[in-house]
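The same subunit A turns up in both complexes below, where it pairs with subunit B and then with subunit C.
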Partner chain A sequence: MRRSSIGWKLIRLHTILVYIFMFTPIVVVIVLAFNPKQFGIFPMEGFSFRWFVKLAQNDSIIDAFKNSLILGGLTAVLSTSIGIMAALAFIRFDFRGKNTINTLLLSPIMIPEVVLGVALLLFLRFLQQPKSFALLLIGHVVLTLPYVLLIVQARLVGIKKEYEEAAKSLGANGFQTFMEVTFPLLLPAILAGALFSFTISFDDITATLFWATAENQTVPVKIFSMLRNSISPEINALGTVMIVMTVATPLLAGYLSRKFTNLKA
Partner chain B sequence: MATSKKQPLVQFKGIMKQYGKVTAVEKMDFDIEEGSLVTLLGPSGCGKTTLLRMVAGLEDPTEGDIYIKGVRINDTPIHKRNLGMIFQNYALFPHKTIFDNVAFGLKYRNVSKDQIREKVMQALEMVRLPGVENRMPSQLSGGQQQRIAMARAIVIEPDVLLMDEPLSALDENLREEMRREVDNLQQMLGVTTIFVTHDQREALSMSDKILVMKAGRKQQEGDPQTVYNQPVNHFVADFLGHSNFIKGQIVDVNKEHVHVQIETGDLLIADNKNTFNLGDRVELVVRAQRFDLVDEDEITTKQEMNSFAGRIKDRSYMGGEVSYFIELGTGREIHIISMMRTRIYSIGEKVRVQVAPHHCHLLAIES
Partner chain C sequence: MKSNSWKPWALLAPSMTAVFLLLVIPVCFIVVYSFWLRAPSGADIPAFQMGNYAKFFEDFFYPQILLRTIRISFETVFLCILMGYIPAYFFYRSSSRHKQIFLLLIMLPFWVSFIIRTMSWINIMGDTGLINHFLLRIGLIQAPISMLYNEFTVLMGLLMYLLPFMILNIYVSLEGIDKSLLEAARSMGCTEWQAFREVTLPLSLPGLSAGSLLVFVLTAGTYLPPMILGGPGNDMIANLIFKRVIGTLDWPFGSAISVILLALLFIIVWTYNRYLGINQIFKSFQGN
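Presenting the complex of A and B:
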């Protein structure tokens, strides 16, 4: 095919425009975060970390950050552990109602988050319990579990049953087989699942708006409430930190996993 | 003298396996002597792998019992059965080094670190792959991986070695070599071995005993020569080797021979094994290799030799031998594999086909 034809040129132009459309707002946020002025106007007059310093001094934002980190971390741990167990059950065993349960666990992907948010609140009302951090955690596990489940299941299908059978025939019991064979082979999927859970939990807003309380604000919820009062350049700085975190975490994980496998080989 | 006979190492008693309504293995009794290599042979889906997996503890029998060394093992979990299992796709742990792979079973067996090292090295030596202990499985070829799988299975000194089509993933030449290697290793160690295969040549060349299976049923058990030369039914005769089947009726019986009138009208003499009577309808089995092909005008020297005139209809040259399809006088076609003791005949040529009575095996006609 001739790369220089008009068609190809159009496709290239189109692609470039799409990328510009997608990434310009993000770039603007990052650039303006370093703008020393109160109002974001181009051209910028200088460069400063002023808003980042201010951010670091804002206790309510630091609290929200801590909340988000703890929540994301716990969500990742819970989602992955439940996800691994569920995936093992679905792939390695046969039982009644298997498909139904599988669909139920995956359904949060298909249900609008607003509905999920309200539903969990109504359920809580039915149980006559107050909103709490635990509710937030449960909600986020429900939201992220489908992703873990899908990733771990896909990997588990690719791990031949024979590995586990071989381990057992050589004298390892069920638990030893899991620790020595299944878990290490699943590890890439487990890490990916945990990462997904963390990032989804870290920047979820729709459902979290329903579940968060004044004490349990997450960073996105905090940004949302800040925006309602005024547009402070602090938000740009906060946005930049969020972007760096959600982009850097997977990159770092990818780098570590590659380094890890290189060491082994 | 039943008491002096050694107890079989592995015994199946009324073993049966059903999946839902499908019967994978029909009620079956079967014994395996200590130190022997027994092959479970049959087409795919005949239940041979299910039988093996029941010994391994990877499937639970629906009915019946399995004994190893006289102990019923139905309820013994897999990891306590002390068996060495070798899989078709090797199943080496891809994330462990060769050393850790081979050492895997020893970790659960109260063996000191030094002893583990010594035993692993010994096992690698035995499968003729010393020096690969620090490599990963993916760095080895298929044949090498299969040897490591063997080392991993024998290093734990299992009571029974279970092999599930271990050679079928290898290419033709390597398979032949590995077959001999497995055979040698098994004899050297004297470990009782159950070998599952659908390859008749593997079964015939390695086994002390063959169990031929079809659709979950035992067809015949015996040493390779018996199973090959005296098949009990059409299936066994057809599955092992290239056979010609000719239907006929017994028209004369004397002390040594029976005379069979075959469908073409010709008379054929077979050895009398006292299993059939005058008038019985029978099926004759003659191996394609047992026929002799001679020139049309050559005269038989022995009186009992069966001899027919025929015409070469088709042939294929296969290097070491020639495969002929020969049309007999009445249109009946037979398959002959000739080792070219005489010359190669061309298509259309008239020839004489001979076969000795002791190569004509009689079967009852199955309804």
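Presenting the complex of A and C:
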């Protein structure tokens, strides 16, 4: 299409408007976080860090952050590990019921979190077990597993089996082949999967509202309970911290991985 | 490929155990519980009766929430297509060097906290929010207009959450179109618009429909946007489940509503799979 045609200009304008729509909420949170005014509202009256300072002094928020980081980190490790194993089974082997099992493992994407939340709590109630951190953790693993599986599978399809067969014909056993050949080739997908599951876990609210106890509240749950009163500038500051964290993490990871590959080459 | 060896099963064991213990069995429990009775004391009594379902359909209050959920889901799908198709087409046709950055930017909100983005609509549309501040400032209005806590704001929250899913699905589908088909159409005398209508649009339908299914399913089960941006009359079915289970601790009734929601989604997904095939839907996640 000609760049100068009216049609293309309208397409571009529409796209820009969609970007504005998507980004205004994010920008507004960040801007208001620096507004010194009491109620976190417009107009801006200068520039201050007072809400960030207040945030840093709020012990319950710091605790929630710790919980979220630990939960997200453990979820990423567990979910990526079992996700890689499952992906290997699906791509490298043929067995009965493969499609059914694949669909089953991907189904948490399509099942509403509210239903998952109720279902798991109900099961726990039946077993007469209290809610716990372990429950939250395995719940998050199930929630994030489909994404890891999809990402790792997609990459694994692209890795030729010949590499693995070559290693095996040179005398490596299955585990050695995986560690020396498959794993390094799979690494970008593994990192992407781990990041995805960390972010999903760190950000999850609906299922976590069901599963979290008073002791292991996560940041989103904390924000949710703060919102019950009203929207305070502290929430905007907290939001800004979360935005910086969740956006900076993948960017940093991308930068580091590029740096590492450069060093190797 | 080896077949019937024990290895794939060993590799699948941990994830299958997790999904069975935390998904399959618990969902079976919901179904069983939905037939139980709730004693006036609050205890749950094992039974097999349809009372919970009868209660749901006994007057118009609960079915109305179900219908609203279905209507809002269709509205969201429609709006996502309306707003999302053009940006996807823009990425597809753009020859800009910065195309990758544009794409990355549309993915960026995925990485930004959902609750923060949802809550921020209060910053924008609240009585003291961005829009009212702007309108007051230019003198168009004398007092703030209240815009929050209605179906419109709920839709705003849903759109902001789901639009990237739709754009990505359509884009993946568009990117798969062989560009020589377009050239052929053009060389045979089609106008730009005709080529789009006859070639590009039909070939992008798999992505469009996959995106629609995903958006529908995610909307139908949504909890947060109606909770934060909706008023009392905008509850969707997930809000109802939450209120019955966490609020009034009525587990059997909450289970029955969950089963109704699952049944709705199952019918939608089954019908879709029957006619269109489900696999397209997972492609957009693999692209990145």
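Details
By our rule, the second predicted complex is superposed on the first by the 263 of 265 C-alpha atoms of A that agree within 3 Å, B and C clash if a C-alpha of one lies under 4 Å from a C-alpha of the other, contacts with A are read in each partner's own complex, and residues count from 1 in each chain.
As a convention for this text, a residue touches a chain if its C-beta (ideal position, glycine included) is under 8 Å from a C-beta of that chain, and two chains touch if they have at least 3 such contacts.
Predicted model only: the values in this text are computed from it and were never measured.
On the superposed subunit A, the two partners subunit B and subunit C both fit, without a clash. For subunit A, the partner with contacts to more residues, out of subunit B and subunit C, is C. Using the contact criterion defined above for the overlaid structures, shared-chain residue A:Gly72 touches neither subunit B nor subunit C, since it reaches no partner. When the shared chain is aligned, subunit C comes close enough to touch A:Leu227, but subunit B does not.
Within the superposed three-chain model, A:Gln176 lies in touch with subunit B and out of touch with subunit C [touch as defined at top]. In the superposition on chain A, A:Pro184 makes contact with subunit B only, not with subunit C.
After overlaying the two complexes on the shared chain, residue contacts for A:Tyr163 are found with subunit B alone; subunit C is out of touch. By the touch criterion defined above, A:Gly193 lies against neither subunit B nor subunit C after alignment on the C-alpha atoms of chain A. Least inter-chain distance for subunit B and subunit C in the combined superposition, rounded to the nearest angstrom, is 8, based on C-alpha atoms. Contact residues on subunit B toward subunit A in their complex (touch as defined above): 56-58, 77-85, 87, 89, 91, 93-95, 104-105, 107-109, 136, 152-153, 156, 162. Residues 160, 162-163, 165-173, 176, 180-181, 184-185, 264-265 of subunit A are the ones touching subunit B in the complex. Those residues of subunit C whose C-beta lies close enough to touch subunit A in the complex are 1-5, 7-9, 11-12, 14-16, 18-19, 21-27, 29-30, 33, 83-84, 86-87, 89-90, 93, 102, 105-106, 108-124, 126, 128-130, 133, 137, 159-160, 163-164, 167, 192-193, 217, 220-224, 228, 238, 241-242, 245-246, 251, 254-255, 258, 261-262, 265, 269, 278, 282, 285-286, 288. The part of subunit A that touches subunit C in the complex is made up of residues 1, 5, 7-8, 11-12, 14-15, 18-19, 21-26, 28-29, 32, 39-43, 81-83, 85-86, 88-90, 92-96, 101, 103-116, 118-123, 125-126, 138-139, 141-142, 145, 147, 149-151, 153-154, 174, 192, 199, 203, 205-206, 209-210, 219-220, 223-224, 227, 231, 235-236, 238-239, 242-243, 246-247, 249-250.
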